[in-house]
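Beneath this line is the structure, given in structure tokens, with notes to follow.
In order of appearance the chains are A, B, C, D, E, F, G and H, and numbering begins at 1 in each one.
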Amino acid sequence: MAAKHQGFCDLGFAKVDIDRKSRRGFEEVVYCPGKTTKQIKDICRKLIAHKQNLLLTKLERGAFIYLKKTFPKLRYSPLARLGYLNIPSKIPKKGFVAVVSAGTSDIPIAEEAAVTLEVMGNNIKRLYDVGVAGVHRLIGKLEIINKANVIIVVAGMEGALASLVSGLVKAPVIAVPTSCGYGANFKGLSALLTMLNSCSPGVTVVNIDNGFGAGYFASLINK
Amino acid sequence: MAAKHQGFCDLGFAKVDIDRKSRRGFEEVVYCPGKTTKQIKDICRKLIAHKQNLLLTKLERGAFIYLKKTFPKLRYSPLARLGYLNIPSKIPKKGFVAVVSAGTSDIPIAEEAAVTLEVMGNNIKRLYDVGVAGVHRLIGKLEIINKANVIIVVAGMEGALASLVSGLVKAPVIAVPTSCGYGANFKGLSALLTMLNSCSPGVTVVNIDNGFGAGYFASLINK
Amino acid sequence: MAAKHQGFCDLGFAKVDIDRKSRRGFEEVVYCPGKTTKQIKDICRKLIAHKQNLLLTKLERGAFIYLKKTFPKLRYSPLARLGYLNIPSKIPKKGFVAVVSAGTSDIPIAEEAAVTLEVMGNNIKRLYDVGVAGVHRLIGKLEIINKANVIIVVAGMEGALASLVSGLVKAPVIAVPTSCGYGANFKGLSALLTMLNSCSPGVTVVNIDNGFGAGYFASLINK
Amino acid sequence: MAAKHQGFCDLGFAKVDIDRKSRRGFEEVVYCPGKTTKQIKDICRKLIAHKQNLLLTKLERGAFIYLKKTFPKLRYSPLARLGYLNIPSKIPKKGFVAVVSAGTSDIPIAEEAAVTLEVMGNNIKRLYDVGVAGVHRLIGKLEIINKANVIIVVAGMEGALASLVSGLVKAPVIAVPTSCGYGANFKGLSALLTMLNSCSPGVTVVNIDNGFGAGYFASLINK
Amino acid sequence: MAAKHQGFCDLGFAKVDIDRKSRRGFEEVVYCPGKTTKQIKDICRKLIAHKQNLLLTKLERGAFIYLKKTFPKLRYSPLARLGYLNIPSKIPKKGFVAVVSAGTSDIPIAEEAAVTLEVMGNNIKRLYDVGVAGVHRLIGKLEIINKANVIIVVAGMEGALASLVSGLVKAPVIAVPTSCGYGANFKGLSALLTMLNSCSPGVTVVNIDNGFGAGYFASLINK
Amino acid sequence: MAAKHQGFCDLGFAKVDIDRKSRRGFEEVVYCPGKTTKQIKDICRKLIAHKQNLLLTKLERGAFIYLKKTFPKLRYSPLARLGYLNIPSKIPKKGFVAVVSAGTSDIPIAEEAAVTLEVMGNNIKRLYDVGVAGVHRLIGKLEIINKANVIIVVAGMEGALASLVSGLVKAPVIAVPTSCGYGANFKGLSALLTMLNSCSPGVTVVNIDNGFGAGYFASLINK
Amino acid sequence: MAAKHQGFCDLGFAKVDIDRKSRRGFEEVVYCPGKTTKQIKDICRKLIAHKQNLLLTKLERGAFIYLKKTFPKLRYSPLARLGYLNIPSKIPKKGFVAVVSAGTSDIPIAEEAAVTLEVMGNNIKRLYDVGVAGVHRLIGKLEIINKANVIIVVAGMEGALASLVSGLVKAPVIAVPTSCGYGANFKGLSALLTMLNSCSPGVTVVNIDNGFGAGYFASLINK
Amino acid sequence: MAAKHQGFCDLGFAKVDIDRKSRRGFEEVVYCPGKTTKQIKDICRKLIAHKQNLLLTKLERGAFIYLKKTFPKLRYSPLARLGYLNIPSKIPKKGFVAVVSAGTSDIPIAEEAAVTLEVMGNNIKRLYDVGVAGVHRLIGKLEIINKANVIIVVAGMEGALASLVSGLVKAPVIAVPTSCGYGANFKGLSALLTMLNSCSPGVTVVNIDNGFGAGYFASLINK
């Protein structure tokens, strides 16, 4: 009730934003690091009580197991480290989002994007390990990529794939730098700067390892 | 002819990408810094010869005056430092893109985005100087912002406006950090990091001062 | 005695500043990292011998349990990682300090500020999880915030909350960047730069994760 | 009128915040870099029309001379690069703020703080060139410093003065790093980091070269 | 004579390394910034006196004109900012080095590499403006590139071209990041990190804008 | 079959590049971090099925033991953290590559280069611990170094050895910065910048700790 | 024997510099990180065989215990993490070196300097915990400090103590930044920059946490 | 008079430290950037009035010409940008300081050190342009270097010379990184990090381009 009035439920340690869906089109998403499992559980309970979908990012497996006891329908993607529980009413959109990764090591972040997209009701196609070291792998999948409404490119190390894909297609490209690599990679800084400086227009960038953010944004523009 | 075959015209110092429009939906855009005015002129001549629209970014006024002699229909936005010459057949899209700037000093970059959008056939609305120092100015314009298909937020200094706008709307937000500010702003790094770390999903980021890139991307997703 | 003369007690590994209270208005505060529990104990003993309040920052729970055996009245805030033992003569000040946090994950640092303020004899009000992703949560608490003498804003990720709060109030704002976040957050650098570049005057900044420093400074100006 | 309603005057390129004084206690301050002199003039005209004080920061001398023609009462501090025009009704506060600079080269930024304080109705005392290379100069002025309500310390190079002053006094210290120095000073980064890491509590920090911000904040807490 | 003995001529301000050719295979190359034109002239005189080739890097046009008076045979590439005077006995090597640039703005650095290679007796082929924004331009030239003994890739902005080329060929790739670009390019840091983190083996990197260094190294391995 | 057609085998999580050898002269090398041991095993199986050599970089001992069960001929260098399985048909090249390390702590990275070279069919000579702190150790080995076709210099801390070696020889020098050191070494940044700024031409650089990359490149140019 | 000839003993993984003492005045010092205990033992054996003093820096306790079995006279300072074995012939120098630390947490690095000085035959005086937060502690020890031949100042956090001490004395000051601190300390960068930018001449700086380097240098100039 | 009492003359904008010589052994040195020529003149007048030597660092030629009118005996080194006026009573010390520069472009900073040393009464020997690109030039001068009491090494670019010299001699080495170079030199950062990470003990470092600081420190330890 109070929540209805103010648009949020005050738990003291958290003000759960019940108003988020009507204001922004999707429910509040819970960023898990730095929260105790008890806090996450209390937030979930409030969201469920207000008939909201759940999406929990960067959720550790141990925390999921703990939450599963209280919310038996909660699902989990261990690769994407996403917990979710969604109400099936969503009608999948036409068209699809292509989630493209440069290397096998980038898959966890690519999966974070992919599962976010699925939870938000999008069709997706995964194209993994098509980095610039063997560009024929990308070219071989160009037909699929060219049909996508939106393209997410996930790449670590030098992150060159985003510019390359963008130069070949009409669809907007959302680039996700990952922290894969070592040395002068500086935990993803290298790929981040590469993507920000793309010589090919039609690319925007999210934070390092922010697969969720890319998936969320792609869902907004996938129509 | 050769160009038709290979998709580009080889000028030696430049390989003009005649194929860009069919492949990417918009013609090759010319980034002017580091090119001589003579080189820019030769590139423009080739593009025009292939009936392409012109868009010249970061173009200095002096260079424009020089080009104007050869291409009398070339137009120029001194604020946005954009030269352009477009063929009027484009049908403006329904809906509009909101171009929002935090401060007056950010207007040149906001204009770069706005004029890019106009050249690419979009309706736009400008909302300038609505930064967080007086948030009622933003709130006073919320009705307009909420109707936009896409929102571009241009901000320097601490760049907080992108997160704030994103938290209030359904539309996707493209954030453009600017180099406005001094000291620990480090030529735009401050606003860039702010925007990349937005706690509000639905934000992606382009390079510092890259108004063109934001406009281009917004045009892709404005339908 | 020697201490009275020179203003400090020389323990070899530490020169305990007995003169601090008369000179600065509050006793020497002990920064615990890098000190052995034995060293902390010896310093505490000297301070108590000179009838001084104790405040131990960044104190691990294990070290607290060890110290508790020697100083049974020592208290501990596990969230704030503060140990303290204060002599009750302090008369609480009129008015209060608002301690505002952007997210739930920022609470440990917010608590460090809050408990420091309480130990130093201030009234406080806690407003947690009112970040810019749902600005109505902040607006809903504006009445309280507007009555505060001083406001501490604790935020990680992009740290935009400090500018926003400052733009709405008359009171001075002390901003505490936290290391909450990932990727281009660079362990708090992002929030730090945001806060230093605030477009809204009336904001000063302390070190990343320095809740104690913010609380201490707020106590100095809360009258 | 419109302004009364919404709290701002919309000039297109600027939304002048007429509401600032009632909301924040002081009028909107105009940051001049990146604005044309024409834009500054139009903003000033609106502020004056609403009977507001003027404070223009980082104002170049040439721009001042241009503005002076329209606003003959406008005053200017060339050292502080501040333009101002204030309505004399302000009653000076009791007590004073000490503005302390480490070196002669830091004086322009110290003056920015000092003049800001004066325009906002504060008494101040200037103590310039008392850096740590000859600490007896500071000790010789300690009696004055100890009587201040608030202390602003302005220092470039290694910025050590802020910690030192803070260790000697009860009053809060606002530290302003300057870009004075060369080499590994990295345009003020060195002094900024020094001040953020002060081992002495009671110090907060503003942006590099932000004398205005320090003066503004000091005025808020000088009672 | 003295020089013969010690392997250098001592001019006080310079010890001209007469021994360089026998030790390293090529004469001492003169880096011009920070030297007066008088100093450069004196160094050249010594080198010529010992029958050495001249190669002067980063030489300004004004300095060249001054030197030309004394050394009328001195030649100059204004684009590459190289002065040189070589003794024609060198037999050109078989095979060639491909000098590839991403954009037109990278040509000055590409020319520095190309002219260095020519002065050192190599055949070269220039392939300019084949960056990843239109990858068909590169593919169209692949036949030539595949015949090169060594490939130099010169690219600014995101510098993705080096990885891409390397993934397509057998020859070693020497990558030269340039400072072309703006914003988060940070004067070439972006391209530098990209190239250092190349996911495709077979790439090494030289300093930002060091076309000379790339040309020199390529000459060593072009056989 | 499918692989023959497209040049890669699609495992879903990886597209194994079967075409690499014919295109680039050496098989796809597997970078192990971020891949599960199961993924590595599946990739290896595909490569072996296509009669390709195996080279696995940054492979942990535990993963090797797991792989050994399936591929009993797989060999491992624990120092270099390289797994490999090569088909003996390669005829060793004439001449040799000198692998030079500055200190004993740099040996793991030097070994990564050395073993890579051996797997690729090169003769090598190891010269370890000849850093600039005792330059006579290098001078004592100069005769050997001078006979090398290519020289790899591996150094951490200040990385000065690369410039020094380069100044003494005709052969090209490939410099590998290592992360050995502490403090202002910043995990190899110090040595990286040193090597990029070498005042002696004839040096190129690979990523920090990228012994494999240096070995691979050296093999390309060792003829 | 061979060693006598070339000035070093070649162990393959190390070239032990037997010539160091005659050339530099002190034996080769062994930096332990990155070396196996077996390697350290072999190096020690060679040094002892050539009647050299031993000094092992950054030596872990476990490694010491292992070495102690072979070299029962080896001594260890656990605080300084130094192992040493010195031949008593050294005549202590007149005068002394003052080793000054800002805080208790800086003592391990201060001890590294102090023990290094003792092993090298110097008298020292320790003055710990005299940082700028309570400057009277330093002033109270000024008489001692003023008598020192050389002063080592060890400080983390903001590192202001070096400038302050230098401003008060005639003796040269060697500043050692430590990694003590958190947040914008950036693992010692803060103190390092402070010390490099000292406004007081007479200060030089060594690497972060390099107590050994400061002690070694101080020994060179303590006469 | 007042000055005698407090040890300084208060000029308002400066507190001239008349006490410096008795306290520190040398007079206050005036750092000129950021001071007006008028301010410098007034400071000089006070110093002369108290019979102090003058040393003015980073003094522009134009300012010198202005000062020369008032102080006709003032001398100037245009290369070192030092103004000085010293009272001849100083007895030159025995022994000498070697000032070694890597390249010709480093000479201005080397001269700053050299002239500082001369003004402070030291004998010096200059050895310029002996960098590691041709190490025989250094070896050829080793006899001289080995006789020096103290060695200053001035180097830009990769700054390797300091480690190399230190490894060859008994005397302490003071390293001065210069901003000579380009690209990843980052205005001297490269040479600074190199020198701080020297693998050869016996090296300390001053700020980038701080020839004066090196000369001053060398004078303190040259006995």
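As a working rule, contacts are C-beta pairs under 8 Å (C-beta built on N, C-alpha and C of every residue); 3 or more make two chains touch, one makes a residue touch a chain.
Nothing here was measured: the structure is a model prediction, and the numbers come from that model.
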Check every other chain and keep only those touching both chain F and chain G; list them. H
Please name the chain that ends up farthest from chain F once chain centres are defined by their CA atoms averaged. D
On a CA-centroid basis, which chain has its centre farthest from chain A's? H
Counting residue numbers used by both copies over all numbers at the interface, does the chain D-chain H contact come out same (over half shared) or different (under half)? different
Rotational angle, Cα trace of chain F fitted to chain H, multiple of 5°: 180
Length of the line joining the C-alpha centres of chain E and chain G, rounded to whole Å: 44
How far is the middle of chain E from the middle of chain H, if each middle is the mean of its Cα atoms, in Å? 35
Any chance you could list the residues of chain B touching two or more other chains? 23, 31, 103, 133-134, 167-168, 183-185, 189, 192, 196-199, 207-208
Pairwise, which chains touch? A-B, A-C, A-E, A-F, B-C, B-D, B-E, C-D, C-G, D-G, D-H, E-F, E-H, F-G, F-H, G-H
How about chain A: which of its residues touch chain B in the complex? 23-25, 29, 31, 167-172, 174, 192, 196-199, 201-208, 212-214, 216-217, 220-221, 223
In their complex, what parts of chain H are in touch with chain D? 6-8, 12-15, 17, 19-20, 23, 28, 31, 33-35, 39, 43, 58, 177, 179, 187-189, 192, 207-210
For chain A, which residues are in contact with chain E within the complex? 102-103, 131-135, 157-160, 163-164, 166-168, 181, 183-186, 189-191, 193-200
Contact residues on chain B for chain D in the complex? 103-108, 126, 128-130, 133-134, 136-137, 140, 180, 182-185
